[in-house]
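Labels run A, B, C and D following the written order; every chain starts at residue 1.
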């Protein structure tokens, strides 16, 4: 049971699966920029087609790809209503208390909802086609230039790597503590708000104490292995982008440029 | 308290790629007042079995009966189960969290409807059983003690409820010889006073010495079940199936190979010594 | 052969005022290069405090200590000492910095400034030594306890230390894991490494060159396993249970049977009884 | 006062980030607990309090991110506002803990926590309003709404965090904030 959770990732062997995670993340950012800058309704039609193509390429079942957006129906409704009622108060049809619905608002609401939908499905395709570990690595890689403005990116990367390494251990340990306290008669729920807080203490306090103990031991082990926060260590080498990564990047960049110019 | 497993199966994460059968069609009975040792390789289903008996997990099939009552049945008293069955998990010291030893040891007693005096006397008894002076430790923080002491405090927290069935998962791991000795003596005493004990351990010598019987699991199924003398009789065949080193048995076996007539069921140290002394005098 | 470790009159206390209980008290010990020394004592006797001195994780408060001919009192030597004397800890889950084995093994060499192109060779060699070649790309959390501990050993080996300190490395493992790890330690000693094994399990020390017994922060005695384990009085004072053959010898003597010699191993017990 | 070394702060931050992934999963097993307890906030606040603002900030950003990547919760749509909110908690609690010194550990704790939780909720409300409401004057409404619905969570966290901090101090895992005046010498 001591397993690192895989999030939404589903193993596969498609072109999209095989792209470098950092390249994929960059592609996503480019596509997001393009989507946000799309104004014409026809543009959104094009996007839906492109998205269908992408899902096809990634060989992800459409149901999986759309799953993240499907559960958010009420959320889209909310976006629509908010924009409908508040976006353009000066062109309102009627005015009820603070609500001032307008057709410009309706259009804007549809636009925002479409954007959010596209963003969600696109990021979902990324998460379904890339292992979480590779994605974390991609974040590290893309953020590593921040070291030039004095951000300790290597330290941050080390912290992330240690954090991931601890996830399965702590998951198992937390589950063990929950069971141990249940066996001792702990009940983690209570109707009263103040008591509710205290009810989870038998779980939370030991989890933190155990986790901090582990941190203590690991930091000692790291020092024993020669770690020093104050010196530069050899930097992690990332594999260079391959031809297909560059191709994907240039396609996305082209899309971004086109959509931003045409709007 | 008697325990009966009837055809119990347990599957983790059913229907996912990670589906694992932890326990398969397990049937066994532990009699009231018995001291049973549970052995098996890591991942053989020992932990799942004790969690099922303690009612911390639901089986996917079969029944678990405590004193003849199905613990997953509709009318079963779950709160009573928590009181009557005590579980000492592996490295139980991490479960300590209260501000004082007294509060921590009394934690399990909150829902029993006991009076303050009853609680206090139970806490006092549990702490003294574990070798602490009640007055000296009751107001201290349980988190400030040393590793071995914390282990004893955690066990006291389980004993305070006066369980009829005590389940222990590797209670000796990490203890030094003095700590082991003290804990084992206590378990022996509790067992004599009528507590049924179910102890998971890799330590074959210890279980041979203390347990009335050994339950050996393999791949989630019952593999061997009987007194240590019987189960360890085909020691060499079992070595790769999760029986740890039993030195007494190894010594006896070595002497048998040399032509000594020592019974194959020699698994306790005293037994071995008697046999050797007996043979030597001849 | 040169001394790997030389401790003279070490004193250490954890309370800041320096007046608390002494975890190490006038502790002197010499470990020769290439030796397999086992340090035994019950929990809280000062074993771990000693181990942390040997790796410069604790600074010398009083007394002298040289590790691999480096003076531990000189703070400039701290990093050199850590490179020469590697340490493996008790809990296999609290020693990894990455969930990818290869990344974790590269940690030590990178810290010690080993050139990047040299690191893959070191990783290969370390994995080969612990018998886990081909595990670079695997994930740490899918390993068994014994395998984790062997990877932890490989992580220390990748820095190529001369002295290896094992602080209760088997106490959280199952019998199988324990056997694997002890086998690995034995192999490392056979290949010429200085091994310092800290434990409270006497059976692990039977194969050592020498055994040091610690009690209340003091060195009680040091000598061959035979000298130490057959001394009933010494065993009682340290709170340790002697190995089974020695117990048999002692208990038979109490029953009026004296074996020709005191056996230490199972083979010797057979020998002593079947003469 | 003892201080914590950078290495140890880094690793404490790492476990706090890991707990941001683990705790919501654990609370999942307790019926309808996740939405009330907001379990991800606890390690972030703690990280800020113990390790200071840069580490708290990292924990607040990385915790929700890793949780989203490894467990799918929060879903991508909620990740940006949640990361902003948690980053604010970690950062503000870290800054406050440096400047608030009342000579009483618990008074300090409560001030830092309340300060961090209030500002975090306001910032999160603003972030959501900015992202989703297209920047109209409904922003204030969003922010207040978010703030009010978060109140029970604030109460619960005020109960939990001081106890956890005190447990960590008693276990000797983090240094006491003020040198203890011991009566027993």
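Note that contacts are C-beta pairs under 8 Å (C-beta built on N, C-alpha and C of every residue); 3 or more make two chains touch, one makes a residue touch a chain.
Just so you know, these numbers come straight off a predicted model, no measurement behind them.
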Comparison of A-B and A-D (more C-beta pairs in contact): A-D
Geometric centre distance via CA averages, chain D-chain A, whole Å: 19
Chain A-chain C separation of Cα centroids, rounded to whole Å: 45
Whole-Å gap between the CA centroids of chain C and chain D: 41
Of all residues in chain A, the ones touching two or more other chains: 3-4, 158, 162, 164, 201, 205, 209, 214, 218, 222-223, 227-228
Multi-partner residues of chain D (at least 2 other chains): 167, 171
Residue list for chain B, restricted to those that touch at least two other chains: 97, 143
Overall pattern in which the protein chains touch one another (line/ring/star/complete/other): other
Listing of all chain pairs that touch each other, if any do: A-B, A-C, A-D, B-C, B-D
In the complex, chain A residues that touch chain B: 1, 3, 173, 176-177, 179-187, 201-202, 205-206, 209-210
Contacting residues of chain A [partner chain C, same complex]: 2-4, 133, 158, 161-162, 164-165, 168-169, 214, 217-218, 220-228, 233-234, 237
Interfacial residue positions of chain A with respect to chain D in the complex: 4-8, 68, 71-72, 75, 78-79, 82-83, 86-87, 89, 98, 108, 112, 116, 119-120, 123-124, 127, 132, 135-136, 139, 155-156, 158-160, 162-164, 166-167, 170-171, 174-175, 178, 188-189, 193-194, 196-198, 200-201, 203-205, 207-209, 211-216, 218-219, 222-223, 227-230
Complex contact set, residues of chain C against chain A: 52, 55, 57, 79, 82-83, 86-87, 89, 91, 93-100, 103, 107-108, 110-116, 119, 139-142, 155-156, 159
Contacting residues of chain D [partner chain A, same complex]: 5-8, 10-19, 21-23, 25-27, 29-31, 33, 36-37, 42-43, 46, 58, 62, 65-66, 68-72, 75-77, 132-134, 136-138, 141, 152, 155-160, 163-164, 167-168, 171, 173-174
